[in-house]
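Common to both upcoming complexes is chain A, partnered first by chain B, then by chain C.
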Partner chain A sequence: MGALEILWKIISWPPLWQLIVLGLIVPLLVVIYILWFERKTAARVQRRIGPLHVSPKIAGGLQLLADLIRYSFQEIIIPKTVDKAAFISAPLIALILSILPVVGVPFTDKPEWFPIPMDYSLLVVLALVTLSPIFLIVAGWASNNKFSIIGGMREAFMITAYELIIIVSVASAGVAVGSYNIVDIVHAQTGWKLLGLLNPIAFFTAFVGVLLATSGFPFEIPESEHEVVAGAFTEYSGLMYGINMGAAYLKRMVYSIVLSVAFLGGWLPYTPGEGFVSGYLIPSIVIMVKATILMMIFSFLRAVYGRYRLDQALDLAWKIMFPLAAIGFGLSLAEAYLGIF
Partner chain B sequence: MPPQPVHKRVHPRGVFSRFKGNIEAITIGVKFFFNPERSTLIYPKEYIKLKDGYRGFIVLIKDKCINCGSCARICPAAAMKLIRLPFTDPKTGRTRMKLWPVINYNRCIFCGYCVDVCPTEALYHVPYHDVVWDTMEEAETDLEKFQKPPEWKTEKEGIPVRYVFDEKKGLVKVRVEGEE
Partner chain C sequence: MSGFVRGSVGYNDLGLPGMWTRRIGKDVYEVFIGPQHPGSGHTRIIIWVDGDIIVDSEIDMGYVHRTMEKLSEGRQWIKAIPLFERMAIHDACNVTLPYVRAVEKLLDVEPPERASYLRVLLCEINRIAAFLYGFGIFGVFLGHSTMYMWPFGDREVWVELAEWLTGARLTHTYPVFGGVRRDVPAGFTDALRKAIRYMRRRLEDYRKIFVDNPVIRSRLEGVGVIPKKIAVELGITGPNLRASGVEYDVRMNHPYEVYDRLDFEIPVFEEGDAYARVLQRVEEIKQSLRILEQVADWLDKHEKTPIMAEKFWKTAPPLYKKVFQEQGRVKLPATFAIMKVPAGKAYERGETARGEISYYVESNGANKPYRVRIHSPSARNAIVFKYILPGHRVMDLPAIYGSIDYFPPEADR
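Showing the complex of A and B:
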């Protein structure tokens, strides 16, 4: 066996490929692109130009790289009053946990390319997704600062409200199909029977839930600059702050992958064939493209909406979104009863 | 009777009007996303062409100056000073010491009082103010420097533009063609 073959085997080994390439490298690249896209979109809608002077020929595309370099050379200050172990470990664990759910998403229907073949992959993914916000609260608590604690408590309020909505609406996809295996859910959507079209209520509530649960820019209630300095991340500086900010976007990317698999048909216009390229590479690219388009829509909404107050956001969650999610669940039950899939 | 405070009641909006408002906001966003009407001035490449009468840098016409010193007396920031220099009268040929105004742009607030107060209109404004000096000494003028307008590099490198108010689009950037 030649060296090239061994290298190819290591690269195309499913767990490694899925965790390192699809789980880490591609989401990071997409997040860097999305951050640039978000700033440019907000600038376009608000009649500005946005980042330009770093690299005028590619419309300021290197701005994020410049920011990243600046963050990584900044001093990381650890205040005396913080709980050191929790302060340092909480954002790192949150980052790892926000990427981890990718391990449960099958990017193709050929079982030999699954990292962990399982029958309840959708539920496992949803369970893993809900882990990381706990560590944001830990980070806020460990900072020993009033702004951090307020930010952490806001985060807690938002999670309880919106992750419930996301779980109910995404689980309704499994209810409609009659299986929590993502491969079955995607197979049921063949022939443009997309769950996003057949159950638009659940898709809409999941969409809004992702937007608010990841505290993205239109709804950055936990770390709103005007009220609490940076929420749970007030005491963080340098690369630690960058990790905290990036974790939210990575989490949103993972949510987008879940949404594109559960509601937009995953790899569907394409049917996976045999071999690595046809069986694994192209389906994963299709899913990533769908997730990126979802991310772009999320970023576009930043430019349109103003920020909600905490009470308004919770009002929206419990009075409008949760009943809507329940209706979507009922719609899925009705579709399952009628046997559409 | 003193005015009474009025208790205002905000009517809660219905679901339909909320939905309509969201759709309208997103429509406007999409419109601007595909057809952006940017009004940012990309400064060194473009600059705003200012109108005559703008209070920019001040230039002295030495022949008109009657050495009255009003400009230095009225200057609120004490930027204008008088310096004593010999002056040869062309008619009589006699050399006398006279007081000439010079300006220090570290102190000047561009109020234009000196131009207004000058009895012979020996001072005038140029319609620009964007000149960078490397040191503070360069911002101080002597009599020779005060008679020439400062070098305006922006004009050589940039495009003159002007903002015009449009009924539909709001502020619109228009290129200025030549002198008016």
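Showing the complex of A and C:
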């Protein structure tokens, strides 16, 4: 066995491949594209040009890389008054935890490409996505800054509002199919029986829940610039701030992946075949494309809406979205009873 | 608990390095918003919050105080005009017009009719531009980035019209004692009519994306209500006063220039909340467009007559006279700058985009003002924050701040 072969074996070992390539590198590329897309569409709506001068030939596509380089060369200022250990570790842990749910998602139905074969993958993924926001509160608390603490508290309020909505509405996908295994859920959706079409209520509440969870407009409340400067990230600078912002987008990417396997049919209409390319690469590309389209819809809302007040967002979540999610759950139960899948 | 001790150092009771604290009350949190805060402008609002509710608030102004009244005592009469423009550079004509009129009163000159119409023309262009500026700031306060970019882009239309008319985008120094500096260029009224049509179309777009947006409506309706009685007691002015149901506009109640000859209305809203203040400004833009249409008609119908009081250009050198008569452009002779104003006192007021501004001008017969006292609208509106904010949520602060359209440089002078 040659050295190249061994290297290839290590890289294509599913857990590593999925966490590093599908969990980190591809989402980073997608996030770079999404941020460019977000700025370009907002600019189009607002009759501006948007990013251009960094690379005029590809319409400013490298602007974000330039920003990233600038962030990484900026001085990281750690104020005297912060709790250093928590201040430094919180964003890093949040970043890791926001990518972690990807290991639970099977990107194909061939078991040899599963990082961790399991029967309750949907529940595991849902459990893992709820971990990272706590470290946002830790970051705000450790900053010892009034705006950071207010931002952290807002995030805490938002967690109580969105977590249950997302869990109930995504779990209703499993309920309809009768299995919490993502492979079964995707298989059940063959023949355009997409859960997003058959249970639009659950899909809609999950969509709004993701907006709430990732502070997308109109729920951009924890980082609302004109009240709390940058929320929990007020004291962060340079690359640490970049990590915080990147973690938020990676979180949204992971949620989009979960929504696209649970409601939009995962790798369908493609059927995975044998081998690496047909069995793993193409299905994962299909899922990534679906997730990217979802991300683009999330991003476009920035140009249309302002932000709700905190109490109005909580009202909306608890009084309208949660009952709707429960109705969606009931619809799934009815579909399971009628045996549609 | 109300009121804060300026300069108090506090004590280190939390044991945190570099963190001085001071007890202010049980369960109360003191937050200083500004002057270096993305949502404050050049001012500081101090709020005391209990949970998410503001229990007390105070506005701490004066961060951009430039001693304008005192500075004006050190320079010739006409040189005070560019100085006063710096209060609100995007509303330059409205802000300086009462000063010019007060000095004209002391000089006992009357501007020609055409100059009066031209002053009204620039005043209304400035007013629309200032309202659009306010809308932009308000939009970004509510997180609505499209409403930030659109009005700022559309404001360019009016700024460029003003540049075409006066030669400067912002600080025009257009009205001078006895008239205005320039006549309208050829083709200006056509461009003005085009701009009016464009603005009417855009107001419809604003309604679709911002004014009728469900998110924005839920943020603004019933927020920051200033009841009619309180509005009168606090002495607030301008669109904020009219949105609270008081029909008072200097242009209507104490007409100056040619406003009494123009047909326009004063929109009044009864609700007095932030949403009413938005609608109020939209309606005011519509009325300004109406005024501009009438001014454009008047300018088209009438011959190019002098735009400066005869007293000033009659004694000018021949070359200056030629420029004035042939190009419709006032080239000010040096005698104009060192002109002495007869001793006396004068008071004038005018309606700016933010409300009533008044000037008290006193002369002792020298070539410089003896005293100029300015009472600016934002200074009058600032008190609102102390009385209206308590009881609201922290997230209502930008909604109220933006809807008042408070402009610190104008308030601090």
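Operating definition for what follows: the second predicted complex is superposed on the first by the 339 of 341 C-alpha atoms of A that agree within 3 Å, B and C clash if a C-alpha of one lies under 4 Å from a C-alpha of the other, contacts with A are read in each partner's own complex, and residues count from 1 in each chain.
One rule holds for everything that comes next: contacts are C-beta pairs under 8 Å (C-beta built on N, C-alpha and C of every residue); 3 or more make two chains touch, one makes a residue touch a chain.
Bear in mind that the values here come from a model prediction, so they are computed numbers and not experimental data.
Enquirer: Should the superposition on chain A be reported as showing a clash between chain B and chain C, or a fit?
Expert: These partners clash in the superposed model.
Enquirer: Figure out whether A:Thr81 sits in contact with chain B (first) or chain C (second), or with both, or with neither.
Expert: After superposition on chain A, A:Thr81 lies in contact with chain C alone.
Enquirer: I'd like to know which partner A:Leu310 touches here: chain B for first, chain C for second, both or neither.
Expert: second
Enquirer: Mind working out whether A:Glu227 is in touch with chain B, chain C, both or neither, as first, second, both or neither?
Expert: second
Enquirer: Is A:Arg70 contacted by the first partner chain B, the second partner chain C, both or neither?
Expert: Neither partner.
Enquirer: For A:Thr41, select first, second, both or neither according to whether it touches chain B, chain C, the two together, or no partner.
Expert: A:Thr41 contacts chain B only, not chain C.
Enquirer: Which partner, once the models are overlaid, touches more of chain A's residues, chain C or chain B?
Expert: C
Enquirer: Of the partners chain B and chain C, which touch A:Phe300 in the superposed model: first, second, both, neither?
Expert: First partner only, chain B.
Enquirer: Going by the overlay, flag which of 20-28, 38-46, 92-100 or 110-118 in chain B ends up clashing with chain C.
Expert: Stretch 110-118 of chain B has C-alpha atoms clashing with chain C.
Enquirer: Which positions of chain A sit in both the chain B and the chain C interface?
Expert: 45-48, 303-305
Enquirer: So in the complex, which bits of chain A are touching chain B?
Expert: Residues in contact with chain B: 41, 44-49, 52, 300-301, 303-305, 320.
Enquirer: So in the complex, which bits of chain B are touching chain A?
Expert: Residue positions touching the partner: 15, 25-26, 28-29, 32-33, 36-40, 42, 170.
Enquirer: Inside the complex, what are the residues of chain A that reach chain C?
Expert: Going by the criterion above, the answer is residues 42, 45-48, 80-81, 144, 146-147, 150, 217-218, 220-221, 224-227, 229, 302-312.
Enquirer: Inside the complex, what are the residues of chain C that reach chain A?
Expert: Checking each residue of chain C against chain A gives 16-19, 29, 31, 33, 37-39, 52, 139-150, 153, 209-210, 213, 215-216, 218-219, 393-398.
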